[in-house]
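When the chains are written out, they are named A, B, C, D, E and F in that same order, and each has its own residue count from 1.
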Amino acid sequence: MSDTSETFTLVITGAPYSSQAPQTALGFAKAAIDAGHSIDRIFLYGDGVHLASALCTPPSDETRWPQEWADFLEQHSIPGIACIASALRRGLVNDTEQKRYQLPAANLLHPFEIAGLGEWVEGRMTSTRTLYFHAGG
Amino acid sequence: MSDTSETFTLVITGAPYSSQAPQTALGFAKAAIDAGHSIDRIFLYGDGVHLASALCTPPSDETRWPQEWADFLEQHSIPGIACIASALRRGLVNDTEQKRYQLPAANLLHPFEIAGLGEWVEGRMTSTRTLYFHAGG
Amino acid sequence: MSSFDTLHILNKSPEHPRAAQCLALLSKGDALLLTENGVLLLSAGRLPAVGKVFALSPDVSARGLGNPVGDVTVVEFGDMVSLSLQAQRVISW
Amino acid sequence: MSSFDTLHILNKSPEHPRAAQCLALLSKGDALLLTENGVLLLSAGRLPAVGKVFALSPDVSARGLGNPVGDVTVVEFGDMVSLSLQAQRVISW
Amino acid sequence: MSTLIMIDQPPYGSWSGREALDMAFSLAAFDQPASLLFTGAGVTWLKRAQDTAGIAQKSVERNLSAAPIFGIEAILADRSACQKYGLDESSLITGVTLVDANGALLEQYDHTAFAG
Amino acid sequence: MSTLIMIDQPPYGSWSGREALDMAFSLAAFDQPASLLFTGAGVTWLKRAQDTAGIAQKSVERNLSAAPIFGIEAILADRSACQKYGLDESSLITGVTLVDANGALLEQYDHTAFAG
């Protein structure tokens, strides 16, 4: 497809089952890989952190977007990072945060991780392009 | 305040930390109780189900809306129901749903419960008024 | 017994398409209650020509719109409860 | 090397205030890519007078807008990747 | 106690329209009269020939065609919004009644609600 | 590599403006030049005398006053949006620069982003 290989950071701010953002971002990410480019990282921000939930259980005839994304990340060894401030406000936590805040459970889907906005800043600096996938409306 | 006692069903469709809906609804609910009325039930629908998360952990200088609502519901023995279809899609589950779908955790905050839209239909029929609290924008 | 036909509760900013829809549907005998971002109509729009207009006090203050001009009544949550009971029906936009 | 100055990606329906903002800011030399609800501009609006217009195929089909008329190019996700690299900068509205 | 469920969001880009439909179906299931009113960009729900294979979502056209079977009284669409989105009888799905979404229409219903 | 963070949502009714501010602060913390541009209803962030005691949220006025200290290069506001919301020099918080939000302005920045 293209002569040179480029890198992308994708920022998703729209939640699954509320916006189409995670779907559109996945379509873009797969096409980028198919074209020989690479995805530096996925950064979930705002309502987008809900994509990293291990507990989303849509009806069996609907796509399970968190799992689709998790499979894609694993297959291509792409880091998927949920912003820690957005995640904590919205009830998305890993084992570490569960212990730190003495919460009754953890619900972060593997291989998603939780980290700060610095991951976004770094992704912007190292990638050829940073694209945002917001909720529509 | 008022001569007669009326009942309200409140439907919340906006998520905390994304919309102001849960705050406005709580202001209304407290004023209704103060005026001698009663709240028949709270029904969480769409993104509103996130209000029933046991894992929301905002910074310590911000209000913890799920806990504020849970305390209010307990104090006045008001049922707080999250729509099961909305909740499952968005990763909000209790012990029963965790077992049914073999999920790694449950994250529903006590005393919220999970039930179907029939609870909304019933609330509409038995209450004097049903009010909706949507996300703004 | 009802003071109003329909109480319209608007929590969207004036640029939201649902705000325009709400204002277009307002009838004589209706009341409009501005809450949340809806109170921005007080600074950025013409208040509707028909119906009585109310605005929720905590939202008015939060957005720095204290002492609004024009034909609007600033109310508390307790009044919101009363208004919802005085109207024959309530629509939350 | 760049084919476009700015690639504007619009995923909001024509009634969303951000759609109007995006269209108002479009400059000569820019490209507009309509995705998700943004493709509804093809049926309910005037396409911008400046800049080149693209629309994402799966979204066009889903909304029943196959074979759109006017000066618009229907593209696939692979083209969206190329467009984002051809532009000097990308703004997601 | 007749209820009007309003949909002003387009399909696919958000879930609120689908959840509005569930509300209407639920009312009908409990023998509560319910109608749907599509306004604004929501009228694009009613376009014929939606092909959702490429976005991995179910077509709302099929959801809507089930409405009469489930006991929904009417599917109403705002005439001016349909015009705005280029929808006429040839491009609308069957079973849609064009109306003017104004105060007089709303007064015919005891309840009016959005899903979000 | 200068970045423009755009805010077009009013404060309090949604969280996206606050999260936009966090993005700008984060860039500044990593020594990346960043400015804020308020457009549309977002300009109401900049109104003086916001009293949030009644809504149990922190005033964004205080968040914004910290912007220069954290290294935000400029707080810009679209002139026509300010007019629309009745904001002039006497009603705006200090430190705001009025601009015309047009294509020429955006071209001065390598990156432009919304928080949601």
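By definition in this document, a residue touches a chain if its C-beta (ideal position, glycine included) is under 8 Å from a C-beta of that chain, and two chains touch if they have at least 3 such contacts.
Small disclaimer: the values here were computed from a predicted structure and weren't measured.
Number of steps on the shortest path from chain A to chain F, with steps defined by chain touch: 1.
The chain with its C-alpha centre at the largest distance from the centre of chain B is D. Of all chains, the one whose Cα centroid sits at the greatest distance from that of chain E is F. Our note on geometry: chain C versus chain F, Cα centroid distance of 27 Å, whole angstroms.
Inter-chain centre distance (chain C to chain D, centres taken as mean C-alpha positions): 36 Å. Counting partner chains per residue, chain C has residues 11, 13, 15-17, 36-37, 58, 92-93 touching two or more of them.
Looking at chain B, residues 17-18, 20, 46-47, 62, 85, 89, 130, 132, 134-137 sit in touch with two or more other chains. Residue positions of chain F with contacts to 2 or more other chains are 9, 12-15, 40-41, 55, 57, 111, 113-114.
Of all possible chain pairs, the ones that touch are A-B, A-D, A-E, A-F, B-C, B-E, B-F, C-D, C-E, C-F, D-E, D-F. Partner chain E is touched in their complex by these residues of chain B: 11, 13-14, 45-48, 85-86, 89, 116-118, 120-121, 124-125, 130, 132, 134-135. The touching residues of chain D, counted against chain C in their complex, run 15-17.
If you check the complex, the residues on chain A that touch chain E are 17-20, 23, 61-63, 135-137.
Taken in their complex, chain A has these residues touching chain D: 1-2, 6, 8, 20-21, 24, 27-28, 30-32, 34-35, 37, 128-134, 136-137.
By the touch criterion stated above, chain D contacts chain E in their complex at residues 11, 13-15, 36-37, 40, 43-44, 57-59, 61-66.
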